[in-house]
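Each of the next two complexes has subunit A plus one more chain, namely subunit B in the first and subunit C in the second.
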Partner chain A sequence: MSLGSTVRALPTLLRVGFAEGVAYRAELVVWILSTTMPFIMLALWSAVARDGPVGRFGQTELTAYFLATFVVRQFTGSWISWQINFEIRHGTLSARLLRPVHPAIAYAAESLSIVPIRALAALPVIVLALALGVAGSFPRDPLAWLQWLVAISGAWTLGFLSSFAIGCLAFRIESSLKVMDVWLVLFWVCSGYLVPIELFPQTARTLLDWLPFRYQIGLPVELLTSAHDLAQGWLLIARQWAWVLAFAVLSAALWRAGTRRYAAYGG
Partner chain B sequence: MIQVRELRKHYRVHRRAPGLLAALRSLVRRRYDSVLAVDGISFDIPAGERVGFLGPNGAGKTTTLKMLAGLLHPTSGEASVLGHVPRRREPEFLRSIMLVMGQKQQLLWDLPPAETFELNRAVYDVPRARFARVMAELTELLEIGDLVTKPTRQLSLGERMKCELAAALVHEPRVLFLDEPTIGLDVSMQVTMRDFIRRYNERSGATVLLTSHNMDDVAALCPRVIVIDRGKLSYDGGLEALVRRVRPERRVVLHLERPVDTHTLARLGQVVTNEPAQAVLQVDERRLRDTVGRALGELPVTDLTIEQAPLEEVMSELFARSRAEREEPAAP
Partner chain C sequence: MRRYLRLLGIQLRTSFLGLVQYRFDFVVEGALEVFWAITALIPLLVVFGSRESVAGWTFPEALLVTGWFLLLQGILEGAINPSLSSVVDHIRKGTLDFVLLKPADAQFLVSTAQFRPWRATNLLSAAIVFGYAFHLLGRTPSLAGVGAALLLLGASTLLLYSMWILTVSAAFYVVRVDNLTHLFSSIFDAARWPSSVFRGTISFLFTFVVPIALMTTYPALALLGRLSAATLALALGGAVVFSALSRYVWLRSIARYTSASS
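Then we have the complex of A and B:
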């Protein structure tokens, strides 16, 4: 499909993806509840910091950090690997392969179409953050907000591509769900989702700097809470997009090799 | 239009015996077999033809259709559909074909079929005016007007299949691959589907390649059939000619005023059935005229019809012969 045709198809792909996302109201509420881990971590870390700040994190900084974590997670989470895994195993991927829009575009549109619903969940948290007086932690420089937009886009793309790549492993190993489970455990520990990266020992921080997880949550949260100056921020964004590029190449290679092996079982 | 040359497809299949021990053993060492699903078949189908692709279960029919639709990469050989190599899945190719699988669906499960139609309009880049015209036609022909706004999951199998076919035709494909399009449907719905497929072919000139275990589908739709068994092509030609080749005998159906004993009937031909009011004889085609004359003269016949052997029997015999031919060289 030409680029023009794909662009023309995008609004419909997004609209239909949104309609599918809101088809089950109860499931939607349960899903939002399942992303509340940052609030639990906020309560835990606030108890730890009651008698004094942990590193640079006092009560206000912790509140800003974990509320920002919740918001960033709403915008960047991707669960596409489960869907790809299912569709490969059950042969329902065939319907996508028959359409002249690359399945990666269709999956991306489906993931993006849910963002407005997630934004609804994020909105009260943003209001809460302002009410709790943590607005002082947010950047004041418009360039820093631009940086954040680049970082949150990179975080979404990285999350989507890593999930896509793991889903594509099902072409080879028949089920990649356990790989995703292991990836998620690493993600929770190494991304700054449960523990701010700054609180890790220096050696671990150096390692985490070179892993992809931090760039999915930690970096956008740190930029939103003014943890870096502009120069340092651009450096980290460059690393983030290097990971995006690496996962784009990996995803393309896995997809190409996988579709050659695809057996289209079940139909 | 469709050209297939020496097309082959091997599958690598993991085999494991039942039981806990076999399950544990398979953790350490896995046994894989190579299954030859399609074994060097060749054929050509010109534009606009309706062809039945027949064979017993596991013959390689669906695998062939999937290779022609670009879903599977052949192990070797060549296929060309509308001048495209299917496995490349070029956008222009995908815009010109569709594969409908009776056991799989492309309809969005949680949304009404109208949403899938609209999605297909967008991804196939169908202009809105053409989409409106095509949908109006499909809605009328398939009688789906009141179905398209109900969630797909709440439709019956027959209703879903009609909507599935409509979704597949939104972009008016020039080549339509149909894999068991009437599976699970009641008799009246089967007739509706067959009529629709024939009308679509006649109106649009689209090429139709159809697999079905339902011989009524084949008889109603396919002047030409390609038969494969264990991946090998065993017949390619007219349906009539196939029936004549496999079963040159005709069936003479006699409607009787009163019962006739089997011994008397056997003098005229092989007795297939003998019931009080009706008997069926199987007669060599060359003796048909003589048999009919004798039946009318000697028996209390009120009506008489001449039929060919049922297609199911013809196919069953053809598959049995293919199996026997394959096993023959292995015999001591």
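Then we have the complex of A and C:
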């Protein structure tokens, strides 16, 4: 399992993942349709903002925020914990363990290869954002775009690793799907997906700043809508990557402990 | 009829046993229920933290809509959704053959294949939300209002079930659709808000195509005594027509089923 062979295998892994994504395109469309929640929240918050802005959010800011939320979600969603659960229970994980590439890398490649297809769904929304004239909220500074790139990569990695860690719990507790559900519920409320973080009361915001969720959606969205200046942005990104590191360590530990005790059930 | 009731009892028992099998999941599911109820309220609290009324709804009135949402979510995720994944699996693997061979109506069998009794806690949280809302309003609903709301509850259950049957029918045409449940619940999530929040195309969509307005907003209006008799009659009629349509589509789709493998 040397580094060189892993790097050589990566293009193939990505290609296979992409082909799978194209093969099951109907499923992918359903996935994308099930992330349309930001539009509903946009309708709701627009109704709230009809008679005056909420905080700093007027009609335009809200539109920019929730369109950005949709786009960020397309790039950062991960379903890997469902797959790990399935593979552990059906024993198909054994085949993966035999391959000369670490399964975590293979999973990451699979998730990453779908991103271009999902980006296709984000494209019309970006056009819509331009047509609605909310593009004014996008950052002008090229450095801010670089910051956004770092933040969105961090958000993807955080989403993947948390999903992976929860998937690995299935080694011990038979099925961790429900843990993932709890995680998702927290994610929806605390990430800025339904309610912009800024609109929470101050005490709640302090708590949310310390939780990992807002770094998965809230941070990239805020950077895309220029809610922070550069210094503040880098500070938040530092916290995001601290969470990435924490989840990387946790995932590695859970994976090691899990594979030691793993025995294939099916055939 | 008696035979079908007995079958329902058996199906309920097997899904309960299947549930206890994964003990940890079973415990977490209980905690999850409480979570769901609370998260349904958080956006509402934040929204009404900055406004007295939104789209013509005050906080206690909007709470009623959320209450109906919790109630229907309990029904949807406890009795309707769980079977979906199992049918889709059956269709893909071709094991639906075994269901079709059984001497009972296939639609009945697949719809009762799995239940999640835990979801009944949703009914409790809905009751608490209703109680609190009427406490804030400082009055009790009229008897006629409650009657109309109960009729609408029946209608919306029927509607949810019919939409579910239509979704399953789609699985005969587009095979791999394991995540339809996610789509289903994410659309249904819009029902937690009063329908007057939505405007234009979305509003039309949620009233006539995916009748979410009918499921939560109308019953809340009925409890408040603001729903006209004509709207009630239309809603009930619509639900019956919709369910007849879904039965027809189911029969058409099942006729098209050809075993996958074996």
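By definition in this document, the second predicted complex is superposed on the first by the 267 of 267 C-alpha atoms of A that agree within 3 Å, B and C clash if a C-alpha of one lies under 4 Å from a C-alpha of the other, contacts with A are read in each partner's own complex, and residues count from 1 in each chain.
The rule we apply is simple: contacts are C-beta pairs under 8 Å (C-beta built on N, C-alpha and C of every residue); 3 or more make two chains touch, one makes a residue touch a chain.
These numbers were taken from a predicted model, which means no experiment stands behind them.
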State whether A:Val54 touches subunit B only (first), subunit C only (second), both chains, or neither. second
If we overlay the two complexes on their shared chain A, which of subunit B and subunit C does A:Ala238 touch? Say first, second, both or neither. neither
### First, second, both or neither for A:Thr12, with subunit B first and subunit C second
first
- With the two structures laid over each other on chain A, which partner does A:Leu199 touch: subunit B (first), subunit C (second), both, or neither? second
* Given the touch rule stated above, what does A:Ser94 touch, subunit B (first), subunit C (second), both, or neither? -> first
Winner on subunit A touched-residue count between subunit B and subunit C: chain C
For A:Thr35, is the partner it touches subunit B (first), subunit C (second), both, or none of the two (neither)? second
Task: Touched partner set for A:Tyr24, first subunit B, second subunit C, both or neither - done: both
Q) Given the touch rule stated above, what does A:Ala253 touch, subunit B (first), subunit C (second), both, or neither? A) neither
Under the stated touch criterion, which partner chain does A:Lys178 make contact with: subunit B (first), subunit C (second), both, or neither? second
Subunit A positions within both the subunit B interface and the subunit C interface are 24
Listed in rising order, subunit A residues that touch subunit C in their complex are 24, 26-27, 30-31, 33-37, 39-41, 43-45, 47-48, 50-51, 54-55, 173-175, 177-179, 181-182, 185-186, 188-189, 194-195, 199-201
Residue set of subunit A touching subunit B in the complex reads 1-2, 5, 8-9, 11-13, 16, 19-20, 23-24, 91-92, 94-95, 97-101, 106, 259-260, 262-264, 266-267
The answer for subunit B against subunit A in the complex is residues 11, 62, 66, 69-73, 89, 91, 94-95, 97-99, 101, 103-106, 108, 110-111, 115, 118-125, 179
Seen from subunit C, its contact residues with subunit A in the complex are 22, 24-25, 28-29, 31-32, 35-36, 39, 42-43, 46-47, 49-51, 54-55, 174, 176-180, 182-183, 186, 189-190, 193, 196-199, 202
